[in-house]
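Chain naming follows the written order as A, B, C, D and E, and within any one chain the residues start at number 1.
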Amino acid sequence: MGLSVDIRHDFGGPGGFSLDARFDAPPGVTALFGRSGSGKTTVVNAVAGLLAPREGRIALDGEVLFDAACGPRLAPHRRRLGYVFQEARLFPHLSLRANLAFGAWFAPGRAAPGEFDRVVEMLGIGPLLDRRPGALSGGEKQRAAIGRALLSRPRMLLMDEPLAALDEARKAEILPYLERLRDAAGVPILYVSHAMAEVARLATTVVAMEAGRVARAGPAAEVLSDLEAAPALGLRDAGALLPGVVAAHHADGLTEVEVSGGRLLLPRMRAAPGTRLRIRIAAQEVILSRTRPEGLSALNILAGEVVGLRVGEGGGALVQLRVGEDLLLARITRRSAAALEIAPGAACWCVVKSVAVARTDVGRATG
Amino acid sequence: MGLSVDIRHDFGGPGGFSLDARFDAPPGVTALFGRSGSGKTTVVNAVAGLLAPREGRIALDGEVLFDAACGPRLAPHRRRLGYVFQEARLFPHLSLRANLAFGAWFAPGRAAPGEFDRVVEMLGIGPLLDRRPGALSGGEKQRAAIGRALLSRPRMLLMDEPLAALDEARKAEILPYLERLRDAAGVPILYVSHAMAEVARLATTVVAMEAGRVARAGPAAEVLSDLEAAPALGLRDAGALLPGVVAAHHADGLTEVEVSGGRLLLPRMRAAPGTRLRIRIAAQEVILSRTRPEGLSALNILAGEVVGLRVGEGGGALVQLRVGEDLLLARITRRSAAALEIAPGAACWCVVKSVAVARTDVGRATG
Amino acid sequence: ADAAPSDPEPPKLTIFAAASLKTALDEIAEAWRDRTGGALALSYAGSSALARQIEQGAPADLFVSANAAWMDRLDAAGLLREGSRRDVAGNALVLVAHRDGADPAGDSAGDPAPETLAPGADLVARLDGGRLAMALVDAVPAGIYGRQALTSLGIWEATAPHVAQTDNVRAALALVATGEAPRGVVYATDATPEPRVRIAGVFPAGAHDPIVYPAAAVADPAATPETVDAALAFLDFLSGPEARAALTRQGFALPD
Amino acid sequence: MQDGGVWLDPATREALALSLKVALWSTLCALPPAVGVALLLARVRFPGRALLNGVVHLPLVLPPVATGYLLLMLFGRRGPVGGWLEETFGLVLAFRWTGAALAAAVMAFPLMVRAIRLAIEAVDPKLEAAAATLGAPRWAVFGLVTLPLILPGVLAGAVLGFARAMGEFGATITFVSSIPGETRTLPAAIYALLQSPGGEDAALVLVAISVAVSMAALLVSEALASRVARRIGAG
Amino acid sequence: MQDGGVWLDPATREALALSLKVALWSTLCALPPAVGVALLLARVRFPGRALLNGVVHLPLVLPPVATGYLLLMLFGRRGPVGGWLEETFGLVLAFRWTGAALAAAVMAFPLMVRAIRLAIEAVDPKLEAAAATLGAPRWAVFGLVTLPLILPGVLAGAVLGFARAMGEFGATITFVSSIPGETRTLPAAIYALLQSPGGEDAALVLVAISVAVSMAALLVSEALASRVARRIGAG
């Protein structure tokens, strides 16, 4: 099940590029992560059928989309993948409304009633529906492109940096929608992004690319809390994913979430008690202490045990801790690591500011 | 001196848009900040001369670029503004090298020797110089567009979300270059961005736009540490700017910076002792305590006094503190605010993880 | 020999005719209509085009050609009604000269009388460095006749390098009329009505083949007897006094 | 001919009406195949491509008389194609206005194809790819994306073709002769007038009419084109 | 005419060489003004725009004979322009190959303008704006951005014009007649042959030569165009 990609392709020309990508993307959101020019768009194009790789095979849910050796090459329009391109690629001669409706004209079945309006409202493009793309701002175009892909009722979404041109507030409106798609509608998503916060929130699987090769691939929680993978993903963005369950909502605007290592207080969220969540805790937002600190404004203090330590080249160190049954990453200075005598086996208190668990870092857990 | 904008313009059509922008941008970097569709690109286009506003006046360093009433309308090519467009707009028929050199052909004077190579290396596009834009990835195009504008030896740079398509590592290479431009070469920059970290690092002035109007404008340190401005700029991105001076570099990879309220230990930076810096401390990365906390991995603990408090609608509160002579923002929960009895006048310890002061949040101070 | 004017509905005839006959034939057709009530469709084009079209089964009942060669070719191909061919008009070649704007009235009163070109006449000198306008000398009838005439006068060799050839004789006339070429060789029928040229010379009898306009009925096995009768009747009409008068008015010579 | 009298001259009116009919029909009928051939030439690499391209341009290169001659040989009643058409479909081209339309279409064809092809080559294939990923099959991509985007080119082709058809003479008169009411178009009438002494003035009047009609077509097409362009906008 | 003998026939060779010369020169000389007029029509709204557009299309609409006649009136030795040209520059067009080139250029002009104009209208003005912000004055924007981007259109215009010039006959022969070695181009020779009974075979040989030349030009232009297109790439 899910998407399986195993392709090789070369671009000739000066400073040519060769791609050799092999990964499996189970249902859910697969984040394609990697530096500019590492081959993310090339992979997505191959999946969409816009590029025929020199060699290899692509299959979705057991159906072969492409096989260079002999098998079928399904035409792009038969693949039914909603592609949000890195550049919006709206149809310049059609109104925004027609652009949005375009995919639906060819999709089998009927749209859920009200879907169009829902998407339009979420994207905040209601007043623009009768405009042509030429008269839109950059972010508006990008939003329209997202809407167009969503409304084509695809069996999989391919999103190439869909939120790069958008402000935080808008992102915070779109991300829950994508989560719902992933969970409720079960639409798998291949998601290209540079922003770890987005990736962490959505991804069930993370595929990190480096210079055309897959540097690391695996379940999000595993990859993101992996000491070794952290440099590849960008140290500044390192951070672990904790599964949790909403326990209660408090009157003062906080929501209590139970994780395996204790309870966390997070800014109020709309999820009902019992909802399962994934909470990302960025490594650099965790403070360690050997004694339980008192009187801090930080409400969340979890007991943990050091599992691993990785001292970087600069003045920093990355600490992996077991908190309950889960792993947490903390990024501290080498000086502190020495002062606190951090070493595998050491017991530690992890201080996490409640507000440091940002809204976009809380995702609904899949499955 | 600097840029002075005072324009009104209307777009007709369905869901029309009207712009009424008035702000002064002293030398340095002016960040144009605002949600998608708020009119940022429209303002930049007017400054570049690509759009003639219905009404108003634009002047740069005392020279009138545009005056709707009567005066001169300087043609775009005489303005000598290096514009990095929101979409890359590279010349498709020219090689990357020719694209980069394009501006230099028309610039007066001679380029600094080695400038071309320096820019190319910073942007990491060396191996691509003989390619045409059609064969570049999205991020590569964006980098080339930045290079093209930089190499045109402009007297001002207009950058419309220049780094949106780039990964953190690349951003971290480009931002210092922009800082050097701002400081050493004295090239003013009008910088559009959604990413507060970028804005905070670079901006001397912040202009926040909302639906075609300027919601808030002023010196960056002032606007960014302003309790009232925080919601407009995005709470998640709130944070103050502290001026500081590099005091020493330590052997364990840390750099000591003196701020008015004490000393901060930051990850090693290349600046020589004595260099003046601006350090952004995000509000949500500050932990408050009424007693001096001990034994934490966080190395930076500053003494402060609460100046203001703003309780939000959710469970959060924003605290403004005086630390030495500067203002700091801290975002905590309402519950903690109550527990710690935070109120104006209260003395507080502010805990800042050294690593929480991210590299991109450290900027060289202007002037 | 005339068709009875009382015929209830005389068949409509299609006549393919050389374009140079247009004015005269239009007049004759008018007269024919008045006389018989029979409608005529006249298709004017170059003789070559018309002849080829007839070869390709064009719906022509009659063909009036500007030269004998094309008629001969149709004849040889058996496309003409046996015995219907006859010459209906003749023409003469003249040497025309541009008449300068000095004589806006355009009447020929003040013109010198046309000379008869003698063998060996120095035509080139009269060109004064300009060109002699003619129709294509090996393709268009007027040009072919003109070349014959100059050859028989023994001056073709000398004149040829100065000849400007046009695709039809009217264009040659236009070159002289606009003053572009000082002299031209054209039909008398074209020269007479053009006020901007004067006839500067005529060719001695026998200098070229007689200029004739042969006409014939096209053999069409599918044609109704009435049509055939009407076609033959119109041929007769063409040789009749009314037609002759019209042709003369346009300056055509009449066959003997 | 008196002032204004032309409008009353039935022969002139006939020629004008015929010219319009021929030009309109030839443009309309040639447009779809022109789009097809332009698409083929712009998008598909196939073995006979250079040949097709050459054949399309032929009527431009050959003197119209030669084209007319070839048409006559092929499409005449006794020609291989003409005979077959008549037998199978009962369609007679020779010496009918349909033949004039064919000649005009053939002469206008290269102009149409070029204009449309240029427009097709300017279409960003990325937009078509985007349409395909949205589930649009080929015909829909063509009809909903490509065609609207090349509309200015198609219009330009149509107007060029129409103008050419209005002015076509050499091939027409050689192919279908100049039979009043059937194949005598304005240019043929002009030619005939120019052939007869004193016909120049009348010819000028016809020229003026012909120019006026074509100018009107031009204006209409420009208005349409700028409308289309405005719709497509800056992209 | 015997097999292969055409190549040896000096008259044919002369006509071919002349046709090539005329077509090349007319194309080369008409191209720059065609680009200029196309720019005007595509980019500038000025009062006489519709008129200019109409005048440019005139040679397409008029029967070639009429165009030739007009040329004769204007550019003949006694015509207002022709007289002036001769007096001031010593440039004689009448009965010279230069006149043939002028006639060919006039006939080809509308085709060139259309092709180039279509290409100009397809250029993204945003790229030109980008060039301006980089300090490029108008002429540089045109030379470095617009012109390279419209090159496929210019090429298409050139090839259309060349083909048209190779086939031009009616206006040429009316304006400068047919003088062997000076103004007798291939089409004039073909026409002449088609006028006489039995000339068809020889005419066909000339047609073949003319077609071959134009095919060669077409192939070259296609190769150039696809090269240019590859350079511009997918943008």
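The rule is simple: a contact is a pair of C-beta atoms (placed from the backbone, for glycine too) under 8 Å apart; a residue touches a chain by one contact, two chains touch by 3 or more.
Per UniProt, the chains are A, B = Molybdate transport system ATP-binding protein; D, E = Molybdenum transport system permease.
Since the structure is predicted, the reported quantities are computational estimates derived from the model, not experimental observations.
Of all chains in the assembly, those touching chain B and also chain D are A, E. Fewest steps needed to get from chain C to chain E, stepping only to touching chains, is 1.
For the pair chain A and chain B, the fraction of shared interface numbers is greater than half, so the two copies use mostly the same residues to meet.
Per-chain Cα centroids separate chain A from chain E by 60 Å.
Rounded to whole angstrom units, the spacing between the C-alpha centres of chain A and chain B is 26. The mean-CA centres of chain B and chain E are about 57 angstrom from one another, to the nearest whole unit. A straight line joining the Cα centres of chain A and chain C is 90 Å long. Residues of chain A in contact with at least two other chains: 87, 135. Those residues of chain E in touch with two or more other chains are numbered 65, 69, 126, 169-170, 188, 191, 194, 234-235.
The multi-chain contact residues of chain C, meaning those touching 2 or more other chains, do not exist; every residue touches at most one other chain.
Looking at which chains touch one another, you get A-B, A-D, B-E, C-D, C-E, D-E. Interface residues of chain B, counted against chain A in their complex, comprise 11, 13-15, 34-37, 40-41, 86-87, 124, 127-131, 135, 137-140, 142-143, 160-161, 164-170, 194, 234, 236-237, 250, 252-255, 265, 267-268, 284-285, 287-291, 293-299, 313-316, 330-338, 340, 342, 351, 353-356, 358-359. Note for the complex: chain E touches chain C at residues 65, 68-69, 72-73, 76-79, 94-95, 169-170, 173-174, 176-179, 183-184, 188, 191-199. The part of chain D that touches chain A in the complex is made up of residues 126-127, 129-138, 140-141, 144-145, 148-149, 231-235.
Chain contact summary for the complex, chain E toward chain D: residues 50, 53-54, 57-58, 60-66, 69, 110-111, 114-115, 117-119, 121-122, 124-126, 152-153, 156, 160, 163-164, 166-167, 169-170, 187-188, 190-191, 194, 200, 203, 207, 210-211, 214-215, 218-219, 222, 229, 234-235. Residues 46, 48, 51, 69-70, 72-73, 131, 133, 136, 138-140, 163-167, 171-172, 174-175, 178-181 of chain C are the ones that touch chain E when the two sit in their complex.
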